[in-house]
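Below: the structure, in structure tokens.
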Amino acid sequence: MGDIAKYLSDAGTRAALLDMLLDHVYLSLVPLVVSVVLAIVLGLLCHRFRQFNATLIGLSNIVYTIPSLALFAIIPALIGTRVLDPLNVIIALTVYTTALLVRPVAEALAAVPAHVTAAATAMGFRPLRRFLTVELPLSVPVLAAGVRVGSVSNISLVSVGALIGTGGLGTLFTDGFRQRYLAPIIIGIVLTLVLALVVDLLLVLLRNRLTPWARVVKP
Amino acid sequence: MKRTLAVIVAATALVVSACGSKEDLSGAGQQAASGEVVVGSADFTENKILAEIYAAALKTTGATVSLRHGVGARELIVQALQDKSLGVVPEYTGNLLNYFDKTNTTTEAEEVYTALKSKAPAGLEVLEKSDAEDKDVLVVTKATADGGVKSIADLGSGKYVLGAAGEWAQRWQTKINELYGVTFTEIKTTDAGGPITVDALKNGTVQVINLYTTSADIKANGFVELEDPKTMYPAQNIVPLLRSDAVDAKGKEALNKVSAALTTENLADLVKRVDVDKETAANVAADFLKTVSL
Amino acid sequence: MIFADALAWLLDPVNWSGGKSIPTRVGIHLLYCLGAVLGASLIAVPLGLYVGHTGRGGVVLVGGSNALRALPTLGLVTFLYLIAGGGTVGVLIGLIVLAVPPILAGAYAGVQDVDRGVVDAARGMGMTGAQRLWRVEVPNALPLLVGGLRNATLQVVATASVAAYVGIETLGRPLLDGLRVLDYGQFVGGAILIALLAVVLDGVLAGVGRLVVPAGLRLTARSRSRRTPPRRREMPVPVESGGSTA
């Protein structure tokens, strides 16, 4: 405990911690936002065109077998980004998160009862409006569950980027390890947990706003 | 349906590109905006301290400076300098020369430095070298040394296991055999002079490890440095490696003053203050810089 | 080009013999993964079954399991290395922590998702709590339970590469070494081996799943499959059904 107090007593260290935390938020949440959009598009494709389904599900399964470290580092060689570009981590995490979300989205869209969509169509909704105002909102609970898991796993995965020099709070682990210094490692773990918790709470609030009917139905 | 898809694809593109432009504004740190100098460091304490010193020195010239620590080994760093992710890094003359010129055989400090100046790839340059040196060194436990191992030559053939960073075998395995006839029963990959390496020697998994002469671990554990009479390891003076257009004349002058003020002793002390006393690299660097007249 | 280098690295006989050979590392990698999944199962399966069966503690379980997911493996492994003075224990615990949430989710959701009518019927037949659990709920939970195990295995196999950072000779070694010197052949070769290992283990577990899941259930499972949570990696559904936020 004394160590942690001593570690935190330095103003420069505290400023550096804030920087790392912000980097961490950025590196983990941008992929989350991008992949929600991608997953909705791809999920819709899966839902409408059954032939995509098997391919996409298969692809997303394969994606998960690739170690995150490998994906982070191979991206510059594949698409020509610079070796230290945070984009490498962002793209890698986007790939993972999209893979995670596609299937639940496709399943949620498929689970929208046929009579509901039929009713919307009968009321004169065009396909786009029907999708955006009926099918998509009804899929929110499932999507939200996936997004929550995605956010937690992204926040924890970003740390691995420290091994290639883009790690947000993960840098605390490599630094602390080399110095045999537990204080930064403990603080890194705690900040990661707190960040995951806060983001999760925000996501729950967002979901509840987007699904007002859920509150009414619950006993 | 087609129209629906088109709208969604367009929306996606918008979001993605919006994120892309946000990227440029982010503080993620290595965008080489005009006038900003990015100082990078490899993944070990001494290099990190040196990078902090360079950064602080450059700031005194009015430059905008950002730091990028823990980039990794030389291969990655040089590539990052070339693609403009980094501007300046602290380097070591001997290993840097061997990297630029795979056929190099020079080991003496001045010769190494002269050769290095001519071998740096286009666009990159080294400034004046410092007297401070941080050489690779093979070390053994006191018990092993007492058993008659004082020099690299005493390691013999197939008697010991060596622990060193992943790139050691590639760089030195042939050379150590040529010069001293030394082979190891195994070369275990540990890390670059970090806890894994030191612990492996302490718990006997390996009997010889590759460390660096400024490492605080040598004294702390009573390890013995092996002599290198045939100078397998070249001189390793500390030298700033930079992309020529990244630093202006004032900045280069400041870095040269830093190099002049650094000695092996004061550098080793800085490393100890961070690794053993747990001070921050930034504070230690700031203290050191007070002793330099910039 | 990169993949040609990787292939060359994979086929280089030098990499197939000695202490650093590919088979040795596959073996070590496998050992840690099996140890972790086994260790995690010993904790998570009983816990998940218990909570699913009694319906008590669901909120705590889901919350705790989500917190575990947020624990950064690299942080945990470096922390435990420094505490324990070595990598073995740290890596094992780090991987167990990684494997617990998906297995827990599978066991818990498996039992919870069993049709209430089926459980009530069992009760009506006079089955005791234990009988209901072992004869009705567990067999019905098996598809999701095996799904959880497969998720856990995939994650553990991919993440065991981090162990190389603290000196454990898993397949992460060629990844880290290749990365240090930008030797993409070695790097991608290592990644391919890890991915292959994950695919093979997943296939084995899928086979085991098919053997242990009762025949009658397979039909039901297929017809229900559209409602089951995604099999891979994480299972969002238990988060919901646990009602941590409802």
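In this document, chain identifiers A, B and C correspond to the written order of the chains, with residue numbering beginning at 1 in each.
The definition used in the following text is that a residue touches a chain if its C-beta (ideal position, glycine included) is under 8 Å from a C-beta of that chain, and two chains touch if they have at least 3 such contacts.
Computed from a predicted structure; not experimentally measured.
Drop chain B from the picture and the touching chains left over make up one piece. The chain pair with the larger count of C-beta pairs in contact, out of B-C and A-B, is A-B. Chain centre most remote from that of chain B: C (centre = mean of CA atoms).
In whole angstrom, the spacing between the mean C-alpha positions of chain A and chain C is 20.
Look at where the CA atoms of chain A average out and do the same for chain B: the two points lie 34 Å apart.
Multi-chain contact residues, meaning those touching two or more other chains, occur in chain B at positions 72, 76, 79, 195.
Within chain C, contacts with two or more other chains are made by residues 81-82, 165-166, 176, 179.
Among the residues of chain A, those touching two or more other chains are numbered 162, 164, 174, 177, 180. Chain A makes touch with chain B in their complex at residues 3, 6-7, 10, 12-13, 16, 19, 22-23, 26-27, 30, 33-34, 37-38, 40-41, 44, 48, 82-87, 90, 127-128, 131, 162, 164-167, 171, 174-175, 177-181, 183. Residues 2, 66-67, 69-76, 78-79, 81-83, 154-155, 157-159, 161-162, 165-166, 172, 175-176, 179, 184, 187-188, 190-191, 194-195, 198-199, 202, 226-227, 229-230, 232-237, 239-240, 245-246 of chain C are the ones touching chain A in the complex.
Residues 60-62, 64-70, 73-74, 77-78, 99-100, 103-104, 107, 110-111, 141-142, 145-146, 148-150, 152-153, 155-156, 159-160, 162-164, 169-170, 172-174, 176-177, 180, 182, 185-186, 188-189, 192-193, 196-197, 200, 204, 208, 218 of chain A touch chain C in their complex. For chain B in complex with chain A, the residues that touch the partner chain are 1, 3-5, 7-9, 11-12, 15-16, 19, 22-23, 26-30, 43-45, 68-72, 76, 79-80, 83-86, 194-195, 274-275, 278, 280, 282-283. Against chain B, in their complex, chain C makes its touches with residues 18-20, 81-82, 85-87, 165-167, 169, 173, 176-177, 179-182.
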